[in-house]
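In the two complexes that follow, chain A is the common piece, with chain B as its partner first and chain C second.
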Partner chain A sequence: MTWQLTKKHNFDAVFDSQKLFRLLLEAISNPTRIVDIKEIADKLFGSYPELLAVAMTLLDNETGFSIYGSDSLSADIAALTLARREAVSAADFIFVCDKSGIQEAIEKAKYGTLAQPHKSATVVIQSDGAQAGSLTLSGPGIAGAVEIPVSQAVKDALACRAAQNYEYPQGIDLIFVSDKGELMAVPRLVKVVE
Partner chain B sequence: MDKKRLTKVLVRASRNEVAVLSANIQKSYRPVIVKEPAKTLAMIKLRDPVKQGTFFLGEVIACEAAVEIDGVPGVAVMMGDDAEKVLDMAIIDAAVNLGVFHDEARLAELEREQNKRMMQEHAMILNTMVNFESMDQEAPDDLAANKKA
Partner chain C sequence: MNSNYNYAFLDEGSKREIRRSVLKAVAIPGYQVPFGSRELPIGRGWGTGGIQLTLSLIGPADTLKVIDQGSDESVNAVNIKKFVGLCTDVETTNDTRKATLIQTRHRIPEIPLRNGQILVLQVPIPEPLRIVEPCEEATKKMHAEKDYAPMWLQLYESLVKYKKVTIPTEYPCMVEGRYMMNPSPIPKFDNPKLHRAECLYLFGAGREKKIYAIPPHTEVVSLAFDDIPFERESFAGKKCRLCGSENTYLDEIFDPQTGERFFQCSDTSYCQEVRRHVSE
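Let's turn to the complex of A and B:
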């Protein structure tokens, strides 16, 4: 059906989330692979359309989320997905809009229990995409070890996560998005090789 | 008029009546659709007076929409699948939230009409109501009469 009124965004809650979900799945099962979500993120609005697109795909009214660095993103996510705003330590998804929130978000994020490791948080981090050296990653989904160029946000987040010394199989999953629409995931078992 | 009363009047009103109110708002404001009208399912929660608990009777089809006027949100959810009406209701909700809804008098008029219609309907139904108590009293007499015969 068509409406005479203008629409705030063109993101389709069914088809676009399905597409983005496939891309997320590809990224999570192939850590270090970068997928392009620009086309889908461009359908949304605001200062952080990439984070909003991930939120539209993963969140619903049964999930809780928390945000570092943008009140307007928090309001948009709550309005569009009907997800609950939660304290960082109770949130299922944590969105970090700028680098300054990374450390606190990872330190406070819930990491599951030994019996229920899936009750952990997924932290989605916005990075500026500017290269700041490279890291060698290894773990499930990576053949041997792969060296990839990374931004400062990725470096900080992985260093901070490694410092938490989670006991297997506990831990948190990280997803990075850049404002160019690149998305990369680093699941809990993927580690930095020195 | 509070939100509960407002919604009640709008839900009972016809699509055209709601469309007129929404069109009045759109003369001076440009609503933006945040969530297009879409069908959804909602659970119906009922209270059981015997066991004193709540239970779900089942699911009902509903229609929901969300709009924005000058950044102020308005939402509407309604039983049924009338997408146009639910969109107009969301626009009215946004206008009320923004404080620019001026058709209160028309709403009150609609409410009066609806109440009147409902009372008339009730009165008609009341005429056909059977008083079971009086039947109970009649029954033994009738039985006695039958026996004698």
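Let's turn to the complex of A and C:
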């Protein structure tokens, strides 16, 4: 009897995570810019390869994570990155697989302290990518104010985050991915301009 | 490439931690994010913060430039370039425009950087409040409470004693009206280049274990009083003896044999470019 060993994914822990990190850095430094992570996400598997790609790049056994909406993604992230599963209020990274989890995830996410604002959660949200209007954003990384088309998930998440009224520098940072491989980040200082 | 080490020397766990800190630093401009500074084959204080940032950022698609006090050819710059080259095989350049990643010490290049370029600055003392408060716990609390009165008092005392602010380099600035930040030992001349820039600035302090950042289009204002505006170094009436530039930061060089003093551009690659244009 011969055994056929197959690799579950082709994501390169050194080069693909470097590439994805640079795209993430580009997105978070230029908050209205959408970067394309499809090529890298396609190397992974499951229903949420984009979320898994972000997890593979940033998570390890020093971080805790929590997930809304997919037990299988939770198992895959734990197995591939060795990150700890945590309660939402203690998680460094919260992955939200569908819109229904956005409000609770943001309300419960840890937002740091005035002295240690970096001890806050990054919430990574899967959006369906379907355009649901536009928003004008302003803040560091954006020249003036820029109007961009956004999905319903982005609208909901930004409205929910604004409703928390965090005292800066406290706050949470948001990353959005779509199943088309688009990634956008909205750090805490970037606000919707009415 | 030396294959006895991981790509870009650091292990992946170290890079990931630095990368997480970088993302937080960009999200909170001017805030010093603590990180677990790693051992490197050079001593702390020789640019290890900058090197760790560079190693965590760099990939095969990058072109690296390293400058030290504006020069591409000084010992620190050459050795860092060689070290990163040894463990990554990336292309290196002296041309500011060609570089995607620039590591620097004490200067920001004269050519305005574009969006997409990253400038990594080596920082010896990241804490701008250290000169007024030696205790780290106390400065952390001062930042939390945005209590910058002692620093303003320091500037005021300097005005009273010397009739001008006497801080020549590491001139503190306010980022987005919230955090007081040390821009690293760049001359005051370079401070305005931080304000609403196109590129991303990352600051790494290896010995002090801090990373901070200024994303593009971020408000960075050098400290000044309403009636005493911020002033850069003035080189009025002086020009570079090599390229003739009158709008650059100039080094003063003294010839002990002749007793002659002359000036030349501190940014060597800019100076060479101007001379090339003139000769063409």
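Going forward, the second predicted complex is superposed on the first by the 190 of 194 C-alpha atoms of A that agree within 3 Å, B and C clash if a C-alpha of one lies under 4 Å from a C-alpha of the other, contacts with A are read in each partner's own complex, and residues count from 1 in each chain.
We adopt the following convention: contacts are C-beta pairs under 8 Å (C-beta built on N, C-alpha and C of every residue); 3 or more make two chains touch, one makes a residue touch a chain.
All of these numbers come straight from a predicted model, not from anything done at the bench.
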item	value
Clash or fit (per the criteria above) of chain B with chain C on chain A	fit
Which superposed partner A:Phe21 touches (first chain B, second chain C, both, neither)	second
Which of chain B and chain C A:Ile37 touches, first, second, both or neither	neither
Three-chain overlay, vertex chain A: chain B-chain C angle, C-alpha, nearest 10 degrees	90
Which of chain B and chain C A:Pro169 touches, first, second, both or neither	second
Partner chain in contact with A:Ala79 - chain B first, chain C second, else both or neither	first
Touched partner set for A:Ile125, first chain B, second chain C, both or neither	neither
Partner chain in contact with A:Thr57 - chain B first, chain C second, else both or neither	second
Per-pair minimum CA distance [chain C against chain B, superposed on A] in Å	9
On chain A, positions contacted by chain B and by chain C	13
Interface residues, chain B side, partner chain A - complex	30-38, 66-68, 73, 83, 87
Chain A to chain C touching residues, read off their complex	13-15, 17-19, 21-22, 24-26, 28-30, 57-60, 62-63, 113-115, 117-118, 120, 122, 140-143, 168-169, 173, 187-189
Chain A contact footprint on chain C (complex, rising order)	6-8, 12-13, 15-17, 19-29, 31, 33-34, 56-61, 115-116, 118, 140-141, 143-145, 176, 178-179, 196, 200, 215-219
List of chain A residues in touch with chain B within their complex	1, 3, 5-9, 13, 79-80
